[in-house]
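These are the structures in question, set out in turn.
Next, two complexes with subunit A in common: one pairs it with subunit B, the other with subunit C.
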Partner chain A sequence: MTTRKETVEVANGSAHGAGVIAKATTDEARLRVSKTYKMYVGGAFIRSESGRSFQVKGSSLESSADPATVNIPLGSRKDVRDAVIVAKAAQEKWAARTAYNRGQIVYRLAEVLDARRGELEASLVRAGATATGAAREVDCAVDRIVFYAGFCDKIASLAASSNPVSGPHFAFSVPEPMGVIGVLAPPRPALLGLVSAVLPVITGGNSAIVVASADDPRTAIVFCECLATSDVPGGVVNVLTGLASDLAPQLAKHREVAGLDAYLDDAALRASIERDASESVKRVKTQAPFTDDRIFDERGGQGLTFIERFLETKSIWHPVGL
Partner chain B sequence: MSREITKSPKGIAAASAGASQAPALDFGRAWDYAPALEGVSHIKLQPRYGLFIGGAFRAPRSDKYFATVNPSNEQVLSEVAEANAADVDDAVRAARLAYEKYWSKMRGAERAKYLFRIARALQEKARDFAIVETMDGGKPIKESRDFDVPMAAAHFFYHAGWADKLDYAFQGRRARPLGVAGQIIPWNFPLLMAAWKIAPALACGNTVVLKPAETTPLTALLLAQLIEEAELPPGVVNIITGAGETGAALVNHADVNKIAFTGSTEVGKRIQASLAGTGKRLTLELGGKAANVVFADAPMDQAVEGIINGIYFNQGHVCCAGSRLLVEESAHDTLVRRLRDRIATMRVGDPLDKNTDVGAINSKMQLDRIRELVDAGEREGATRYSAPCALPSKGYWFAPTFFTGVAQSSRIAREEIFGPVLSVLTFRTPDEALEKANNTMYGLSAGVWTDKGAKIFWMAERLKAGVVWGNTFNKFDPSSPFGGYKESGFGREGGRQGLAAYVELDG
Partner chain C sequence: MSTHATNGNGPAGTAAPYSVGPSLGGGGRPALFPLFTSPPVDQVAVEERAASLAKRSLKKASKVWGLKLAISMMDLTTLEGKDTPGKVRGLCQKARAPSDSDPSIGPCAAVCVYPNLVPTARLALAGSPVKIASVATAFPSGLSPLTVKLDDVRRAVEFGADEIDMVIDRGAMLAGDYAKVFDEIAATKEASGAAHLKVILETGELQTYDIVRKASELAIAAGADFIKTSTGKVQPAATPAVTLVMLEVIRDHYYATGRKIGMKPAGGVRTAKQALHYLVIVKETLGDAWLTPDLFRFGASALLTDVLMQLEKERTGLYQAADDFSKD
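So, the complex of A and B:
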């Protein structure tokens, strides 16, 4: 909250019609309007069905309207299930778009992010980043989105194959998205970590249900505001806030969730979601959050391998002959 | 047959009643062939096999052996060692040593030549391998001779060529081997599955510990002999025999970097669960319940052969078997009559007879499982038709069978039978065919039969399966990636894509 000490000159001829010149010094604040932080599911900003919330503290900033303590929705297991239904429907339409179209939509997201960089940086700073650190993170996040935007219509060329089988058959293999993918974003860096985990998932034609960093969920929600004003269709990226320990098991057990990418410090939680995921033979990848050196790196933090984690290969055969 | 017709919509039944009521084909005595047995007198199996660890055969620390029998006559063929945890540990140590000392340091071009050598030796000894495969597993000699063994050799030959070309396979990325791979394979294609596992692992620079299935260990042990003769560095390939406990010891060994498993979905899930938190890499090739979708405009002669091949190949012991026939309603009655005629001509019997189409069921346990599910199908109200063939009195046998009037919810439409049993269901529109085809937790393979090219691709795009065969079925090739969607497992075997299962990539 920002209190502004202002000196206001009230001029002759004001609405009050007083014919005197008054110089008023006041301590009265103009209270800025702070934001209600909501989760982002199916293109809409929603509260948790549980009605619960948790609190995040951050430093007060001149540029921000938020008080030092804000309430964030505490996503529930039911929120996960609801999100899966939305994400499933959105995924089929997302995958049905042409790769060129998906590429343009993802690129548009980078445009929107760059335009909102001030807001993203402020959010990162509020959560403890330095100004230069925040700027560097936003730069890298935008560039990473651009990297994946250009990948949408290259994946098939790189991952598909014509298979020279021994026999009179035309045989080839193509990559396909898996479906709905759960993402447990790393606690830090909150923006770049989320972008680095989500972008390869949607670039491949999947939809994502993301559990945002609980350390800094506000930045994830600002990112959602970028999504909402980009052309990424609602439901393709869904972001829940809350505790990974609550939501990860539900994502891991849900049969409509095809895969899971988890960046978690808690090794026991990583192991337990891998165990939960086995019940539906889920494609699950868990890891400790990357170091800054790795996640900022153009080789270590992005690439085709990240996309391929959540692609299936389909091999198609047909006889050749008269 | 008349019962099936009454289950069809009236108009369609009337239209095809003439065809359906045609008398069954009668071949009389003309269909009797003289026996044409493959000679086995030159096959010299040892009475007892040890474990192949560190480049040599040795007795197991467990001191235990178990018998492997010929399922077509229940005769004991040999005894094989039962590896315990200490034996598994020896094998993994040997593989680790070989990885560090030889295989990870060797140039790809040199690894390639070893693999080419294995492929060549396998071709040279192909007939012996085929005979032993048939004796140990019960599959017809014409399949082991013309499919299993040549395809196994092809897998070694194909992957040999990749060993020095991994930089081309993953352009822009660096591929590193994983280390020691533990590999567990099933009994339906014993030698071929060993080749699918060993060849890509070795090509990518890993060393392996392979456990064949307990009912079919012999060809893997012959392969161990062949690898010894090919003079691979000791420990690069280790082959240990045993049952579930041996497999579990391998899966849970701390010094294994990767597990590759082919087998049932149930066991696959257990393996995935037990690897949780270990950081070990995993690929699974599990069960299936493939839809074979036949449209009314399909080339019917080919479709009938494709359906027969899809379900009765290898007694239906095929994870990608076309076990759910989805037929467009208007073609149902005609197709069912033709299937009935066709399975009447199938020769069920001695797997070593070169004319045999359907051999022995692999084990007593599997036969019991098939019987249980077939009983369930009858109880649930489906109509059963089994080929009218005489079955030998000794051994494990099941006549080619299909069910009509099967409900989507029936166990025989949902569960993998892994036997020569086909469930026939119908559909009216392509959307319904797709809905039914995808309505399963499995997703290994699917077939589509139609003369319309655009319809094939429309279906192929939407079928949730790792392999889609259009106007064909059960085709395999080392250059074609194979593997499942959903609960049929993850990872691919074969092709450039299959190499990814055995390397670590840097971006």
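So, the complex of A and C:
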């Protein structure tokens, strides 16, 4: 730490520092404590196993925690595979919890998000949002999590049916989670898009491997810090940063991944994901990112149908008249 | 595990650590068994060495070769109170033909079961090269009278076991009653007759590498054909470091006598990557001569699934789902 009056250049101490220089110019100036942005897998914040990173624009403000450019881990194909193993183990335990307990946990996530709204809004502003736009997005994200929290223990009733059949049997159909679901989050809005894609997946009892928006990965990482301090068990939501074009094919080809939800601008990539995923007969939902109007909308951006997209239906036949 | 320069043979600190001569063992007292005054093991160095051998990256053709070799070295094991003839038959089928998609994979070296299930395995494996190993000697604790333990062994051999996996009396080993441990192994060897004898040290209960080394030397001197780390009932089971310690005993014994002893890590080897790590340790410690099912085995149940998943990935280029492979 330095408080000398003249301009001094201090090598940045962050682990990703790589020669970034911070300038201290006044009596009050102190050495910036730069934040190391990491991916979130299995409840832990990790760097890419490849050691690679990519850069996003940081802040020119002296008061910011970020220097002018920020290094973000560039997730590798092996990071995807490692996450699959973690997500598979976590999913079985997540699905085994009572639906009521999952609802409590998801609601707790909304509480944590609300408590950290300042940080989330600042992160969105840093990536280009207006202050009012950021506040609106955080509001909507928190509300959306509450919305899905309520559905955790209702989805079984809403999506199930009892089916009268022709014969001395009764058939019940009950929804069950599919397993590990890959999510390619929309590039924008970075927070609400992520929340809107991930929450329905875990509400149904699946676990998720998410590739965060490459435009604003830092907001996704702040969201991960909310996850880490909520009660959502490690491994239920895993967030990788990096390029969808690198990571999507690996998610699509991996047989352990049961489904894919992809919000991508790139139509060619969407098509290639569908092709790759056909090998293991995954359930694939690909779409262009929703417009702001739609994703902020209570009807267009959330709903039961989003949960049902990654549920399987189990039918049980039961003899009648015994 | 902690390591002491001396153990068992007298006051700590008075022994010459490398005295392997005929007269003075530890503590200045004439050694009862000069062979058993083993050199101390450097815990930090052995763990470092074992860990460093995991850093080698095996890919593509060499990986496939290593994994197929690992399958041919597997003792597919089921040692549960709930084992049924059906489960053992399933295991035997898996040992004969581990992979549906690739007939060039397998067979495994052996199946390892409790004595009562040996006849079932015998029938299921008729006409195949897969051996039948049976645990015996009051597995897993070994805390029964010797006559009972020997009877256990004889019955297992009568039932048709090709290999006997015995446990040593860890209590006696830790109490320093080496003569008892030695005599029991020698008696078991005699009772096994033509069957191969694997001696389970249960290294997870032996506390230090020094005792592991001593127990390994003792077992080999008493007639073991194989030394084996663990029953699989105690954690930690096989670790790379403890395996390295035991392999070094085998190496030293080979240099001293020219006799080749086999090694079997058991329990805790669950992934293909771990299996390759063990093969690297064997190759670096004992050379290619030991890279054969006659001299190296894996005691495992879950390992086969992961190895098959990796082989299928190499064959198809697609990473596999665990649910597509049978667990038992």
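Side notes on the structure shown:
Keep this in mind: the second predicted complex is superposed on the first by the 284 of 322 C-alpha atoms of A that agree within 3 Å, B and C clash if a C-alpha of one lies under 4 Å from a C-alpha of the other, contacts with A are read in each partner's own complex, and residues count from 1 in each chain.
Definition applied: a contact is a pair of C-beta atoms (placed from the backbone, for glycine too) under 8 Å apart; a residue touches a chain by one contact, two chains touch by 3 or more.
Because the structure is predicted, anything quoted here is derived from the model rather than measured.
By the touch criterion stated above, A:229 is placed in contact with neither subunit B nor subunit C. Once the two complexes are overlaid on the shared chain, A:279 sits against subunit B and subunit C alike. Contact with subunit C, but none with subunit B, is seen for A:253 once the two complexes are overlaid on the shared chain.
In the superposition on chain A, contact is made by A:81 with subunit C only, not with subunit B.
In the superposed model, A:291 makes contact with neither subunit B nor subunit C. For subunit A, the partner that touches more of its residues is B, with subunit B and subunit C as the two candidates.
Shared-chain residue A:34: touches no atom of subunit B or subunit C.
In the superposition on chain A, the residues of subunit A touched by subunit B in one structure and by subunit C in the other are 255, 279-280. Listed in rising order, the residues of subunit B touching subunit A in the complex are 154, 172-173, 265, 268-270, 272-273, 275-277, 284, 286, 441, 456, 460, 465-472, 475, 477, 479-483, 485-490, 492, 495-497, 500, 505-507. Listing the residues of subunit A that touch subunit B in their complex gives 159, 161, 163-167, 169, 171, 173, 178, 255, 258, 267-268, 270-272, 274-275, 277-281, 283, 299-300, 302-305, 308, 312-319. In the complex of the two chains, the subunit C residues touching subunit A come out as 317-324.
The touching residues of subunit A, when paired with subunit C in their complex, are 81, 84, 88, 250, 253-256, 279-280.
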